[in-house]
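Heads up, there are several structures right after this.
First chain A sits with chain B, and in the next complex the same chain sits with chain C.
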Partner chain A sequence: MVSLLKNRGWIIGFIAAGVLFPFVLPNAYFLHILTLAFIWMIAVYGLNLLAGYTGYLSLAHAGFFAVGAYGLGLLTVKTGMNYWLALILACLITSAVGLVVGLVALRTREHFFAIYTLCVGYIIYLIIDKWDSLTGGVRGLIGIPEPSNIGPISFQTPISQYYLIFAFLLFTILVMYRIVHSLTGRTFIAIRNSEDLARTLGISTMKNKLMVFVLSAFFAGLAGALYASFIRFIGPDIGYITIIFDLLTYLLVGGIGTLAGPIVGTFLIVALSQSLQFLQDYRMLIFGPLLTLLIIFYPRGIAGAYHDWRLKRKSAQRTRPQKEQEYFETEESEKQVKEG
Partner chain B sequence: MDIFIQQVFNGLTIGSVYSLVALGLTLVYGILHIPNFAHGALYMLGAYITLTMMLLWGIHYWIAMAVSVLVVGLLGVLMDRLVFHPLRNAPPIHDKIAAIGILLFLEAFAQLIWGADYRTMETPYGQVVNLFGMTATTQRVLINIGAVVVMILLYLFLKKTYAGSTIIAMAQNREGASLVGINTSRVAMLTFMLSGGLAAVAASLSAPINLVFPGMGHLVILKAFVIIILGGMGSVPGAILGGYILGFTESLGATYISNDYKDIIAFLMLVIILSIKPKGLFSREGF
Partner chain C sequence: MLMETKKLTKQFGGLTAVNDVDFTIEKGKINAIIGPNGAGKSTFFNLLSGTYTPSAGQVFYKGQDITKRPPDKIARLGVARTFQTTHLFEESTVLDNVIVGHRLRTSSNLWDAVFRTRRFKFEEKKCRDKAMEVLEFVELTHVMDEQAGSITQEEKKRVAFALALATDPEVVFLDEPTAGINPGETEGLASLMEKMVQRGITVCLIEHKMKMIMKLADKIMVLNYGEKIAEGTSEEIMNNQAVIEAYLGGGASA
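Let's look at the complex of A and B:
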C-alpha cells in the first residue's frame, strides 16, 4: 500500500511536470523535442511490455512503427480519410500485421526469435523502400495532415499537439500500469522467468505471448501514426534497424522490465543527444559503449538500479525488526524485485 | 545459356563471401551460443584496414590482408575479454544487447575515422579473363579460390590440430571440455580470433568488387544469420553449404525474378524456413 502511494506521488508529479512544462519554459524548440520524446516513449512502452516483461527481444518494432506511420500517412494522403478514423485504422493494421508475424515468430525462441524479428523488420523496410508506386520509395510521403478538430478543439498549434500526444502517453502508461499489475501481467512475468514452468502451471503460453506481441505492436503503431502526423513527412528510414537500436537504448538506459524505465531512459537520452548535437552521427561512439556497459553492470537500467538501492537502504534502516514482520517485508520486497 | 553460366559463377562468388562470414558467426555461436550481431562490424573494419594499409603505406594487397586479419582477430579477442566473458552467466538477452552496443560503437568509430563516403578498393587483379566462355575479372576468380583455400585450411585446423580439437570439444559439450582439462576461456578467445580473421578475409576479398562504407556490414551480417539458421546454428559444413545456396538463389533470383527485390529473397527464405521448422533446418548442436 505504501508503495502504491509512493507510485501515485511519482505519477502525479510526472503529470504535473508534463502539464506545466509549456508554461514554465515557453520555448518552441524544447516543446518540439519533448513532443518527439513522448512519441518515442509510447513506442518504448510497447517494446518494454514484450522484451521487458515477457522476455522476448523483438527487433521488428521499427518495422511496426513504420507500418503505423505509413498506414496513417497513406490513408489520409491517398484516400483523404478523416484523421481520427485513419489513426484507429493505422493502429488496427499494425496490430493485424503483429498478429500474423507473432503467430509464426512466437513459435521460435531466444536467438531464433531475435533473428527472425530482425529479418521481418528488414523485410518491412525493404518493402516500403522498394514499393515506389504506393509508398513513394526513398522520396517519402509528404503532406500528411495534422490531427483534425474534435468539436471545438483544434490541433493546429504546437502546444495543442504537445498536449494531445501527452494525453496519448498518459493513456499508454495507464494501460501498461493496469496490465502489469493484473493477473495477466503476472502471467507475462511468469513466462519470462520460465516458460516451461509457466506451461506446467497451466498457463497457455502461446495465447499470452501472442496477446503481448499484438499489444506491443499496437503501441508501436500508435507511436508511428502520431509521429507521421506530428512531423508530417515520413521516409523509409523510420523503419530501418537504427530506429530499433535507438528504442533499445532508451529502454535499457531507463530500465528494461520497469514501468518508469521508458520515461527515464527516453528523456535522458533525448536530452543528452540534444546537448551533444555537435557529435551528430558520432553520438553512437558514446551510446554504444554505454549500452554495453549498462548491460554488464546495471542490466535493469537506472530505474532498476534506483529500485535496488532503495530496497537495500530500507533493509539497512530496519533496526532489530520483529521476526514475523521481517519475513513479510522481505517477501514484499522480493515480490517487488520480481515485478519490477 | 551464357547468362545462366555467368550467373552461376556470380552466385559462386557471392556465395564464397557469404560462407566465410557465416563460418565466423557459426564458430562463435557453436562455442558460446551468442548471436554475435557485431560480426558485421568486424567485416566492415576488415575492409577498411586493408584499404588503409594499401592507400596509406602502399603495402601489397596480400600483406595488407594479412595485417587486417591479425588486427580484426585481436579485436575479436578484445571483444570477448571485455564484453562477452563478463556476461557468460547472464541471461541470453544480455549478450544480444551487448553485441548490438558493440556494433553501434564500431560503426560510429569507422565513420569518425574514415568518413561516411563510399570508397573503392583498387587491386592489382583488375584484368578481365575468359573462362569457359564467360568473362570475369581476376579478382572474382581469386575470391573463389581464396575462399576455398581458407575453408580447407580451417577444416585442417579444426580436425588435425590440438587447438582445433579443443574448439570442437567445447562446441560439443562445454562442461565435458572443462572436465578433461580444456581451458574454456582460452578456447573462447581463440574462436573469436578465428571468427574475426575470417570476417577480415571475406571483407578484404570482396571489397574490390563492392564498395567500402561504414554500413557495408548490415546486409552481409543479416544474410549470414539467415545462412547459419539454414545450415544449423553452430554447424561448420552447414555454414559453407548455406552460403553457397544463398549465393546461387540470389544471383539467379536477381536475373530471373527481380533485381530490385533480390535482397528480400534471403529474408523470405528465412521466414519460410522458420515458419515450418522453428529451430532451423538442421537443429543439431555442435559440429
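Let's look at the complex of A and C:
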C-alpha cells in the first residue's frame, strides 16, 4: 500500500512537472527538444514491454517507428485523409506489420531473435529508401499536416502540440502501468523468467509473446506517427539502425523492465546530449564509457538500481534479527551432517 | 490409475534416451522414478509433461491420449511439475512469484487489464488468494513478502512446490525436489509430499536419495539406459538383482 502511495506521488509529480514546464521555462528550443523526448519515450515504452518485461530484445522497432511515421505521412499527404483517422490507421498498419514479423521472429529466441529483428528493421529501412514512387526515397516526404482541430482545440502552436504529445505519453504510461500490474503483465514476466516454466504453468507462450510484440509495435508506430506530424518532414533515416540503438540506450540507462526507466533514461540522455552539443560527435567519447560502466554496475539501469536499493533496505529492516538466528541454526545442522 | 505410458520412446538422433517404457501412475500415491545418472529420468518427465514429443508410444491421462499435446494444454488438464533448478524472479517477492501460478484458471485478458473490469478485479483477488493458500500449505507464509532472491535454497524448493500447487493440479511431477539441500530439510520436504497426497494430490518424483525414497514411495520404477529394469514396492526393488547390478556395477553396466 505504501509503495502504491509512493508511486502515486511520483506520477503526480511527473504530471505536474510536465504541465508546468512551458510556464516555468518558456523557451521554444527547450519545448521542441522536450516534445521530441516525449515521442521517444512512447517508443521506448513499447520496446520496454517486449524487451524488458517479456525478455525479447527486438531491434526492429526503428523500422516500426518508420512504418508508423510513413503510414501517417502517406495517408495524409497522398490521400488527404483526416489526420486523426490517419493516426489510428498508421498505428493499426504498424500493428499488422508487427503481427506478420512476430509470427516468424518469435519462433527464435535470445540472440537469434535480436539478429532476426535487426535484419527486419534494416529491410524496412531499405524498402522505404528504395521505393521511390511511394515514399519519395531519399528525398523524403514533405508537407505532412499538423494534427487537425478537435472541436475548438487546435494544434497549430508548439505549446499545444507539446501538450498533445504529453497527453499521448500519459496515455501510454497508463496503459503500461495497468498491463504490468495485472495478471497479463505477470504472465509476460513469467515468460521472461523461464519460458519452459511458464508453459508448464499452463501459459500459452506463443499467444502471449505475439500479443506483446503487436502491442509493442503499436506504440512504436504511434510514436512514429506523432513524430511525422510534429517534425512535418520525414526521410528514410528515421528507420535506420542508429535509431533503434538510441532507443535501446535510453531504455538501458533508465532501467530495462521498469516503469520509470523509459522516462528517466530518455530525459537524461537527451538532456546530456543537448548540453554537450558543443563537443559535436566527440560526445560519444563520454557516452560510451558511461554506458559501459552503468551496464556493469547497474544492469537494470537507474530506475532498477533505485528499486533494488529500496527493496533491500526494506527487507533488511524487517528481517535482520531473524536472519542471524537462522545462520547459527544452519551452521549447527551442518555440523550434525558432518558428524552423522 | 491416473496416468499411463505405453511403449514410450524418445530418441535424440542416434541416442535412445527412453526406450519402450510402460509405466502407470497410481492415483493418490507417491510414485517414484529412480536410476543412475543419465538413465533417462528427466527425459521421461519431459515426455509426460509435454515438454518433449515422444518418438514413439503414447501417454494417457485419465484414459485420454495426451501424447501430442503441448505442455500448457497438459497443465490445464491438471498436470503440474517442478524443475531441477528453480527459476524464480529474484527481484520480486515470493508472493508475487506464486500469483502467476493460478493464471491458467483465469481468463482475463489485455482488455480487462487496461480497463480494470470487474472480471479483472475478481480474478486478481482469486489468484492472490490462491497464492496465499498454497504458500500456507508449503509453510512459507513468513517469507511471503521477502525478495525471492534472498530466501534459502530449501525455501526456494518450497516456492517451486507452491507454484505447481497453485495450478490446481491432480498430479504433481517433482524433478529431484531435494537435490542440494541438507538431510533435515529433506525430511521436511518429504513430509510435505505426504501432506500433498493426504490432500488427494498424486505425486510422482525423481530422486537420488535412496533412503528417503524407500521410506516414502508407494511405488517405484527403476530406469537404466532408458529402459525400465524394475517396478514395484520398495521391498521388491531392494531385492531386485537387476537394480543391484545397475547401482553397484556388474555385468550389465561394465
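Keep this in mind: the second predicted complex is superposed on the first by the 313 of 340 C-alpha atoms of A that agree within 3 Å, B and C clash if a C-alpha of one lies under 4 Å from a C-alpha of the other, contacts with A are read in each partner's own complex, and residues count from 1 in each chain.
By definition in this document, a contact is a pair of C-beta atoms (placed from the backbone, for glycine too) under 8 Å apart; a residue touches a chain by one contact, two chains touch by 3 or more.
All values reported here derive from a predicted model rather than from experimental measurement.
Visitor: Looking at A:Gln274 after the superposition, I want to know if it touches chain B, chain C, both of them or none. Which is it: first, second, both, neither?
Guide: Neither: A:Gln274 stays clear of chain B and chain C.
Visitor: Touching A:Leu290, do we find chain B (first), chain C (second), both, or neither?
Guide: first
Visitor: In the overlaid three-chain picture, which partner chain does A:Thr157 touch, first (chain B) or second (chain C), both, or neither?
Guide: Neither chain B nor chain C is touched by A:Thr157.
Visitor: Mind working out whether A:Leu118 is in touch with chain B, chain C, both or neither, as first, second, both or neither?
Guide: first
Visitor: After the superposition on A, what does A:Asn27 contact: first (chain B), second (chain C), both or neither?
Guide: A:Asn27 contacts neither chain B nor chain C.
Visitor: Taking the superposition on A as described, I'd like to know which of chain B and chain C A:Asn82 touches: first, second, both or neither.
Guide: neither
Visitor: Look at A:Asn149 in the shared chain and tell me whether it touches chain B only, chain C only, both, or neither; answer first, second, both or neither.
Guide: The answer is neither, since A:Asn149 touches no partner chain.
Visitor: Looking at A:Leu183 after the superposition, I want to know if it touches chain B, chain C, both of them or none. Which is it: first, second, both, neither?
Guide: A:Leu183: touches chain C, not chain B.
Visitor: If you lay the two complexes on top of each other, which residues of chain A touch chain B in one and chain C in the other?
Guide: Chain A residues touching both partners: none found.
Visitor: Spell out the part of chain A that touches chain B in their complex, as residue ranges.
Guide: For this pair, the touching residues of chain A are 51, 55, 57, 104-105, 107-112, 114-116, 118-120, 122-123, 126-127, 130, 241, 245, 248, 252, 281-285, 287-292, 295-296, 299.
Visitor: Along chain C, where are the residues that touch chain A in the complex?
Guide: 49, 51, 70-72, 75-76, 80-81, 83, 87-89, 91-92, 96, 99-101, 103-104, 106, 108-110, 112-114, 116, 120, 123-124, 127, 145-147, 150, 152, 163, 167, 182-184
Visitor: Quick check: in the complex, which residue numbers of chain A touch chain C?
Guide: Its residues touching chain C are 175, 178-179, 182-187, 189-190, 192-194, 196-197, 199-205, 211, 215, 300, 307-308, 311-312, 315, 318-319, 326, 330, 333-334, 336-337, 340.
Visitor: Spell out the residues on chain B that touch chain A in their complex, using ranges where they run on.
Guide: My answer: residues 29, 33, 35, 83, 86-87, 90-94, 96-98, 100-109, 111-112, 116, 218, 222, 225-226, 229, 233, 260-261, 263-264, 267-268, 270-271, 274-275, 278-280.
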